[in-house]
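Have a look at these structures, which come just after this line.
Shared chain: subunit A. Partners: subunit B in the first complex, subunit C in the second.
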Partner chain A sequence: MKMHYGFPIIAGLLIFVVAITAPFAVGKAVTKQYKQPEPKKVVGEKECIESVEFMRTEHMQLLNEWRDWALRDGKRIYTNHAGKQFTISLQNTCMKCHTNKAEFCDKCHNDAGVSPYCWDCHVQPEGLK
Partner chain B sequence: MNALYSLLFVFLLVLIPLFGVDAAHLRSIFGVCIPMTAFIIFLVGFIYKVITWARSAVPFRIPTTGGQFKSFDPVLFPQNKLDCPQTGAQTFFRMVLEVFAFRSLFRNTAVSLHENNGPVVAYKSSKWLWLFAITFHYSFFIVALRHLRLFLEPIPFFVHGLEFVDGILQIGAPTMYLTDAGLVLGVLLLLGRRLINPRINYISYASDFFPLFLILAVALSGIYMRYYAKVDIMAIKELTMGLVTFHYHVPDAITAPFFVHVFLVSVLMAYFPFSKLMHMPGVFLSPTRNMPNDTRAKHHVNPWNDPKIMAHAYADYEKEFGVPMAEAGLPLDNPENGVPHDEADA
Partner chain C sequence: MKNSRRTFIKLASLAAATLAVAPKAMASSGGHEPVSVNPKAVHAKQWAMVIDTTKLHTAEAIEKLAALCHADHNVPTVQSKKEIKWLWNDTYAHTFPEQENPHLAEEVHHRAYALLCNHCENPSCVRVCPTKATFKRPDGIVAMDYHRCIGCRYCMAACPFGSRSFNWEEPRKNLDLTKLNPEFPTRMRGVVEKCNFCVERLAVGKMPICAEASEGAIVFGDLYDPESPVRKVLREKFTIRRKPSVGTEPCVYYVI
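And then the complex of A and B:
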């Protein structure tokens, strides 16, 4: 049987299909091939505060805990799993090794679509954006 | 019982990827093959369903109205343009409010019976269902849109905007999203309604409970992944971008919670075209909402009438059957039609 309201239905369906398949079109036409960003390597240091896997997935949680420990509990020393001690500080610990925010933190964050609001207050080192 | 079976089935669905990935190492099956297949089923099934609906017979105007029709005295009885739309534009606005604001649910009423020198029926506005539904649907919609950050590079501005507004409370890191809470709360309320209200429980099938449990499981697995299990998002973006650019690759850093989440979403996508969830396109095709109430103003020709069958006006009908009608004692508009032909000729 023929369609009675064919035009609006097909038009609506078309809009939906185009919208939902748009990521494929954009991926093929604009992105072409995607590689994970490579944050800038740290010179002179071998290890982060914890293992790389841990840092990659849990650094936001760690920073959140640091903030609470430092400001609520007054605990400003962090002992990592290997027993090494670090001063709890975003600017003076993380950013001492990862000196370039734009080439390190932002590399991932741009691709992950997050923009941590920490830098509204905390001073960022070089690589100001 | 229906609820229990649905819940058990969702548990089973969680176990499949856990075994598949951890024990059987089918990482590319669960990371690429199943999601892509599910997406294709979703797309083809969705289109197929809508096309079959578009090809089915369209009824005569059957809008449900809830307001004053255009009257002889428009000052005394003004037309209710949204509840009794009579033009295309009025119907359009009615549909816009239906789709974006769930207006039908907003106008929901609860009936109750009271005893006051005899039974008294009372109707009162009942907005709970509307509240649950709107919380749930908008949260789900925003959550889905936010996922675009994993499927687009560069990420468009509105995804950043959503991310910002959604995380405006800045609770914890990663920041808590309001829609995460809204989605879970919404599903729980809709589920609770079916479980607790005996009348609604009575009419609920497994096909009502299963989507709710499935969506709840999708939401909880996503929340677990983001706030508790912590997955490597950059590795996941490599996988998801691989899907949309057709360069499939499953990085080793991705852990089991991600596969559980993706498997549940795949089940949801594959199930979608065959389920009540098709009310998503269906709401646009609701004949009780998308038709203007203009039967008294416009002549409607039944679209599947055979054009060879000619119209037969009553005047002609009476001319043809006037004699037997007169014999049966039926009243005639024109008494001459009741006189037998041979007598009239004579």
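And then the complex of A and C:
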């Protein structure tokens, strides 16, 4: 059986396959290896509000609950799972240990492509300019 | 199975019964109650304020208190109709339009009156807020949860006292950023704001900053505690409130 327009079809298919697999073939050479962000270590304190694993994945949930507890329920003391108590406050608790927003919060957030709007109102520890 | 329908109904009702008790059982498991009130906090059924206008009646004196309040809460200074005010002052006619008689005692007529949110018992702003950003706390404070404010300004239309201000522009543009109170947030463009009766101070056992600095001219306390300082003044002195006929039951009283 004779194929009509055989050459352009095969050539077109070839170009398509090469184009679609190109990222896999040359990608490694072009793109950088992804590196875990390295937020600044806290000096002088060993433990966060909760475990590091919990904070890493759930801090936004915790902050969300914190603001409802503080503002809507009027309860401003948080007792963690180890029984230790903290004052519920973004500026006066979190940021008293994590004293550099740019080197801590932003390090991860830039990589993850999130920009929490909290800092439109909350004052970061570095101060405002 | 012969009894299949009977067993099914029995099992279903058993399941329904567990549904009723399960949430309680789960809530009590672990016994971890994560939040509590600061033991130093002060409480009331309805916080209220009495302003003695025989002692506090000049614009300068009120502006001094306002400056303290505004610095503490990072309130921007805007000199126009877009002004942001938590504590301000005005004339007798504007403060008590319903109690304006002809030939009023001149001295009373010429006083400046300190104005702030009245933390009404029956607040119209709370009724109209579509997101419950403005709400009444169990201690009577009409509080704002800025995180929920969408800037619709219904509350401003509803408030008979002009106690609310809208941030037409970025408030940080009109704040001295080197003198911010780092303990308190600012607000952002597009939200409404007002006096909060210093909830953040009451939460740690302190009195509102204006009352504290007023040298006795502003008394603060529980309206429903007959022994409170507020009730003591109300028993002894003649007081009036702003626009009582509107029916919002303001909790700021003025000794005349």
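Keep this in mind: the second predicted complex is superposed on the first by the 95 of 129 C-alpha atoms of A that agree within 3 Å, B and C clash if a C-alpha of one lies under 4 Å from a C-alpha of the other, contacts with A are read in each partner's own complex, and residues count from 1 in each chain.
One rule holds in what follows: contacts are C-beta pairs under 8 Å (C-beta built on N, C-alpha and C of every residue); 3 or more make two chains touch, one makes a residue touch a chain.
What you see is a predicted model, and the numbers here were worked out from it, not measured in a lab.
Enquirer: Is the number of subunit A residues in contact higher for subunit B or for subunit C?
Expert: Touching more of subunit A: B.
Enquirer: Looking at A:C108 after the superposition, I want to know if it touches subunit B, subunit C, both of them or none. Which is it: first, second, both, neither?
Expert: In the superposed model, A:C108 contacts subunit B only, not subunit C.
Enquirer: I'd like to know which partner A:G12 touches here: subunit B for first, subunit C for second, both or neither.
Expert: first
Enquirer: Determine, under the contact definition given at the top, whether A:C121 touches first (subunit B), second (subunit C), both, or neither.
Expert: second
Enquirer: Touch test for A:I20: subunit B only (first), subunit C only (second), both, or neither?
Expert: Only subunit B; A:I20 stays clear of subunit C.
Enquirer: Which of the two partners, first being subunit B and second being subunit C, lies in contact with A:Q33: first, second, both, or neither?
Expert: The answer is first: A:Q33 touches subunit B but not subunit C.
Enquirer: Per the contact definition in the header, classify A:E58: touching subunit B only (first), subunit C only (second), both, or neither.
Expert: A:E58: touches subunit B, not subunit C.
Enquirer: Once the two structures are fitted together, what part of subunit A is touched by subunit B and by subunit C alike?
Expert: 117
Enquirer: Which subunit C residues qualify as touching subunit A in the complex?
Expert: The touching residues are 32-38, 41, 74, 135, 137-139, 143, 145-147, 172, 177-178, 180, 182-188, 199, 203.
Enquirer: Quick check: in the complex, which residue numbers of subunit A touch subunit C?
Expert: 67, 69, 71-81, 87-88, 91-92, 117, 120-123, 125, 127-129
Enquirer: Provide the residue numbers of subunit A that touch subunit B in the complex, in ascending order.
Expert: Its residues touching subunit B are 1-6, 9-10, 12-13, 16-17, 20-21, 23-24, 26-28, 30-37, 53, 56-58, 60-61, 63-64, 108, 110-117.
Enquirer: Can you check the complex and tell me which residues of subunit B touch subunit A?
Expert: 43, 46-47, 50-51, 53-58, 148-149, 151-155, 159-160, 163-164, 170, 172-174, 230-235, 237-238, 241-242, 244-247, 251, 253, 281, 284-285, 303-304
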